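There are structures below to look over.
Two complexes follow with chain A in common, the first pairing it with chain B and the second with chain C.
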Partner chain A sequence: MRRLTLDQAVLIAPALAIMLVFFAYPIGLTVYFSLLDYSLMRRTKAFVGLANYLHVLQSDLFVRTATNTLVWVVISTVLPLLIALVAALLTYFRFRGYRAFTALFSLPIVFIPSSTAILWALMYSDPFGLVNHLCEAFGLGRRIWLADPATALPAVSIANAWYGTPFAYLMLLAGLESLPLEPIEASEVDGASSLQKVRYILLPMLWPIFTVVFLLRLIDTVRSFALIWIMTQGGPGTASLTLPVATFKASFLQYDYGLGSAWGIINVIVVMGISFAIVWRRREVE
Partner chain B sequence: MKGGWGVPLVALAIFLLLVWALTPVVYAMLISLAGFDLPTKLGLPNDLTFANYLDALTDREVYRAMANSLIIAVLATAISTFSSIPASYVFSRSQSRVASALLLLFLFFRLFPWIALAFPIFLVMARFRLLDTYLGVSIGHTVWIIPTAIWYMKGFFDLVPKELEESAVLDGATPFVLLTKVVLPLAIPGMVAVSLLAFFSSYTEYLYSLILTRVHTVTLPVLMAGYLSEFKVEWRKISAISMLSTIPMLAFYSYLLSYMRRGLLYGVMKG
Partner chain C sequence: MMKGIATRALVILLGLVFLLTSIPAGSAGAPVTITVTNRKGWRSTEGIKANLPQFEKATGIKVNWIDIPPGELTAKTLAELEARTGAFDVIMASVEFDLAAYYRYLIPLDEFIAKKWGSVASFKRLISPEAARAIVWEGKVYYIPFHGNVQFLIYRKKLFEDPAERSAFKQRFGYDLPTPPKTIKELVDVAVFFTRPEKNLWGLGIPLGGKYPQHFLEHVMLGAGIDVVDLKTRKPDFAEGAKRDRAVEIAQFLFDLLYKYKVIPPGAKTMGHVEMREIWKLGQLAMAFSWWGDHWDKLTSPEFVSAVGEVGSAPFPQWPGGPPGRSGGRMSIWTVGIVGTTKNKDAAWKFIEWLVSEENLQTEARTSGSASHWIAVDKVSAERGWLAKGLVEALPKSVPPRLGFLKEGPEIVTAFIEEAQALTVASVSPKAMVDRLAKRIAEILKK
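Coming up: the complex of A and B.
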């Protein structure tokens, strides 16, 4: 059957209808609006071609946002992946109580993004935060972490790293457990130490899976909005403004739908670039 | 593990990893149980109480938001499973070019940056008069649940042997009968997994809930986020609400772990 039969079309229809009305049509609108000078404040709605894109890409705000996004992405990708890798390798060797460890170490997944934001805002808060208590105890002095332009972005990135660690851990652990056992058993016969097994067998075999987990995590952090928005709203000033937050602010705070849509499409282009890398990488893995 | 430095090093690593994962949780739990005085330096709160939990649970705003979140999550689960299960069955069985092109499209949807859709979806919902309604918010969630649900459900259908259906077809079964009588009973574990996935995706969702709710349908994540921007933050109460918000996930914790280990829920419950 090379063609879709009528029955099959009927079965696909509900899902397709929802996606057409609430995805395809709105994304069409985004593309259209991005070509308009469309602002509620200036009461304009006129075709301007690619002017919005040029405006965004040439602005200082874009440079700032791109740099922030890079910092946000690097911290909230590299940190959880490294921590998760260590945890997954340790769990793989099944130390005593590894099941309890898995359950406890994965606990952050039970928190929704809003709760995560509250947990970490509390950690960083000024009279009552644990981070400040610790800093004081070590003689470093207290700070208003989330309201200080120098620390706001790293602080929210670390919160995001915390939130992402269990996901990376569980995926890497699953990856390790799916590896063939023969090379490891052979190395045991040769008397390899645990570190040698990790260095010469497990890590090289895990590498393809690791890169897929890395790329998925990359997409999730590039497009993530909730945590930054709830904790700092991109501030203070523009100190923690990332691509999605800038997009949201342009449309919903400045009511400039033309610029907001252009920001939105720029988001899409960035994420699609990474998606293609994933699809291409997956093909290599499989 | 070899003797010597190996064992203490491993123990130290495990300890540090648990400190990383649990410190914010334990600290927020302490604050949620704190009495009048919150600690202003390193140390424990001097009196512990459940009053903050009582305070949270008797707040009309809070239990309204909890109820809204659950209603919307159930609706979103219903809409997304009923629409994605039949579609994923076709994607699993059909070899037509249209079907495989659509399937690829759904993969692209899965990785989509949802912020790019925020403003136009607000407009579309306004046009259908669905702003601040349960149906509107749950459809908003459904849009980003369906692509993921379709891919996972297709994976489950791929595991159901085709021979059964072939013999049913010889007996004259239509595709609809095939799906409901022959295939679905075999795919129940998959349906449970996809329903949980849909439920938790909706329960944790923030962005579209923020845009599509106003007064009547405000969900728990939106309400909680609002507390942080208040002039005087009620740390005890919102820590208690954060702890309470984990109940649905804790109830299915062992499921969640095993699903995620199969990579099943990746991308769910993300900011």
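Coming up: the complex of A and C.
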């Protein structure tokens, strides 16, 4: 390993300083806060070690929140990836009107999470919402989607899936377009059908890109907050409370920075754990 | 070569640091600027904000008016105060939790008050008794009130005055259609009478999305003489005995309105008061209960009146057996205070004096329909018809949320909101909700 010269160190210093100030410092501070009984309302700032973590992990709320986060992640990640994969493969085979389809299908990517949340909250609302009008047209009856403990979380997850699908679609399409043509041409010479080409050529070659897209989507979903907060605020009750929402509620509704930081660090550990697991698994496969 | 570049870069960087740190914060003769927080998009302060140029012109004080979204206002203010950044000179604070949380970072205003109004006692006589109590912490005045509100009932006059409706009501219930209902029984009868789902008409609209079911329950509970927490014993006020039974009855009442009588539109469970106002405009409600003071100018505007006719207003009926003279609770008190780190105390005070001037408080009443807690101003505003009758009658018979006086208030409110939401979506029975909430509150207070 080469040692840094003074010149190199001086040139790197500003970037390093920025990283330390805006990245390492806040993380360090959050870890520090999580070890304190730090409440702005109770005006406490005493060191309590891992008490906040124990309080969170031993609470019924944690079990509920972890389960909700799992449901939220599975729906918000698996659904858009499957839809995006099918759409990308269809586009790859250049069906009639694929350009218009690509433009329309990618449209949600221009939305920000808050406008997505408002749009979907309106669509789910009663009596104005489109979803209930459609349900009624199909004889399914009306529901208060976001106020029903059974449907609130899936409903918000579907909105998140809608929001995440174009990104996955564009990434997978770019991945497909960048694949070498020789194996596909060779399979055509061998008389492979479209389905066989997908099953035996495209999907195996696309797999590394798919896992990257999956990983990015997964991390984005685990830490996403705005959509769920605007649509349900984690409710009704705690029916759609996820880790980031619990972090926010403890920190900014109860003004308990100690407890909120502990929730936040647990969230970071979950994201990092998932990331490491997937990267490790990918390396093993490779 | 590289060494030369690096040395020059270092010299430039150090030079910049020196320059930036040596510039004085303000030069002599420059106008004083004060930074004031405001609840973003709040109709009550919009009119006052429009008057700001007059204040700046008259005093030479520049006002940096910072709009902070309502959901972030307390957290952001509290974080800045705790960090002592000096970002704000004047802060806006509500009785909900802010008054209890902020005052240690603020300066007492007693001297300023004495100079302006002769004495603190004479100042207190100018404002409502509840506001006068809420602004004092550890014997000193830290806040000046400028906004008052309470939830009240509105009803469609045209519907209530319709002879056919009146006669049908009398035939069905055996007494004249009460306009407006004055007891809980009358309220239920009227709501049941007007509920006609096939015609998209609902008897009673109550916003029940987010924090609103808690607002409703706390309002009725305070009206029934039940504090969420007994401030003397620091225990839930409804954990046992008659108050617990009454709290269960109140929870059952909300539950029945939703699931037995079915007088509330089902969509209300995801609505706030803005959405409820739109349902009102569509003519789908006979009565509605919420923070209508914030919407009074809209509800009485030609646009709304032409859609659904004149609007009447009244206090929400008091729960039977509640303290005499009280209508409900959850009085809102919004105030301003001066941050201890400010370098411009006098300018900040001048701003507060201006903010609570008769002209501004009347502007507030005229443009948003909100009261101010200033007795003389509210009297004039009521006489001129800027305030709803329901607000004028209900406000003096209300009390502020007691949780605002507790440091555990935010945690208790979070628990209360979660339990109230669970009740409205029927995932818990009224009895279980009350007992579970009492248990959670006791645990929070034990910490």
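Keep this in mind: the second predicted complex is superposed on the first by the 256 of 286 C-alpha atoms of A that agree within 3 Å, B and C clash if a C-alpha of one lies under 4 Å from a C-alpha of the other, contacts with A are read in each partner's own complex, and residues count from 1 in each chain.
Methods note: a contact is a pair of C-beta atoms (placed from the backbone, for glycine too) under 8 Å apart; a residue touches a chain by one contact, two chains touch by 3 or more.
Note that this is a predicted model, so its numbers are computed, not measured.
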Open item on the list: Should chain B and chain C be called a clash or a fit once both complexes are overlaid on chain A?
Closed with: clash
Open item on the list: On the A-aligned overlay, A:Asn160 touches which partner chain: chain B = first, chain C = second, or both, or neither?
Closed with: first
Open item on the list: After superposing on the shared chain, does chain C or chain B touch more chain A residues?
Closed with: B
Open item on the list: By the touch definition at the top of the document, which applies to A:Val86: first (chain B), second (chain C), both, or neither?
Closed with: first
Open item on the list: Is A:Ala226 touching anything from chain B or chain C once the two structures are fitted on A? First, second, both or neither.
Closed with: first
Task: Touching partner for A:Leu119 - first (chain B), second (chain C), both, neither - done: first
- [ ] Once the structures are superposed on A, label A:Pro204 by its partner contacts, choosing first (chain B), second (chain C), both or neither.
- [x] neither
Open item on the list: I'd like to know which partner A:Asp256 touches here: chain B for first, chain C for second, both or neither.
Closed with: second
Open item on the list: Let me test your reading of the model: by the given contact rule, A:Pro127 touches which partner, first (chain B), second (chain C), both or neither?
Closed with: both
TODO: For A:Gly237, decide between first (touching chain B), second (touching chain C), both and neither.
DONE: second
- [ ] Check whether A:Ile144 is in contact with chain B, with chain C, with both or with neither, and answer first, second, both or neither.
- [x] second
Task: On chain A, positions contacted by chain B and by chain C - done: 5, 7-8, 11, 14, 121, 125, 127, 233, 251-252
Open item on the list: Under the definition above, what is the set of chain C residues touching chain A in their complex?
Closed with: 2-3, 5-6, 9-10, 13, 72, 74-75, 78-79, 82, 97, 100-101, 104, 200, 208-210, 265-267, 269-270, 275, 279, 284, 407-411, 413-414, 417-419, 421-422, 424-425, 427-428
TODO: Name, in rising order, each residue of chain B that touches chain A in their complex.
DONE: 1-2, 6, 10, 13-14, 17-18, 20-25, 27-28, 31, 38-43, 79, 82-84, 86-87, 89-91, 93-99, 102, 106-109, 111-121, 123-124, 139-140, 142-143, 146-147, 150, 174-176, 179, 203-204, 206-207, 211, 220-222, 224-225, 227-229, 233, 235, 238-239, 241-242, 245-246, 249-250, 253, 256-257, 260-263, 266-267, 269-271
- [ ] Could you please specify the touching residues of chain A with respect to chain B in the complex?
- [x] 1-5, 7-8, 11-12, 14-16, 18-19, 21-23, 25-27, 29-30, 33, 83, 86-87, 90, 93, 95, 101-123, 125, 127-128, 130, 133-134, 136-137, 160, 162-167, 170-171, 173-174, 177, 193-194, 216, 219-220, 222-231, 233, 243-244, 247-248, 251-252, 257, 260-261, 264-265, 267-268, 270-272, 274-275, 278-279
TODO: Provide the residue numbers of chain A that touch chain C in the complex, in ascending order.
DONE: 5-8, 10-11, 14, 39-43, 121, 124-127, 142, 144, 146-149, 233, 235-239, 249, 251-256
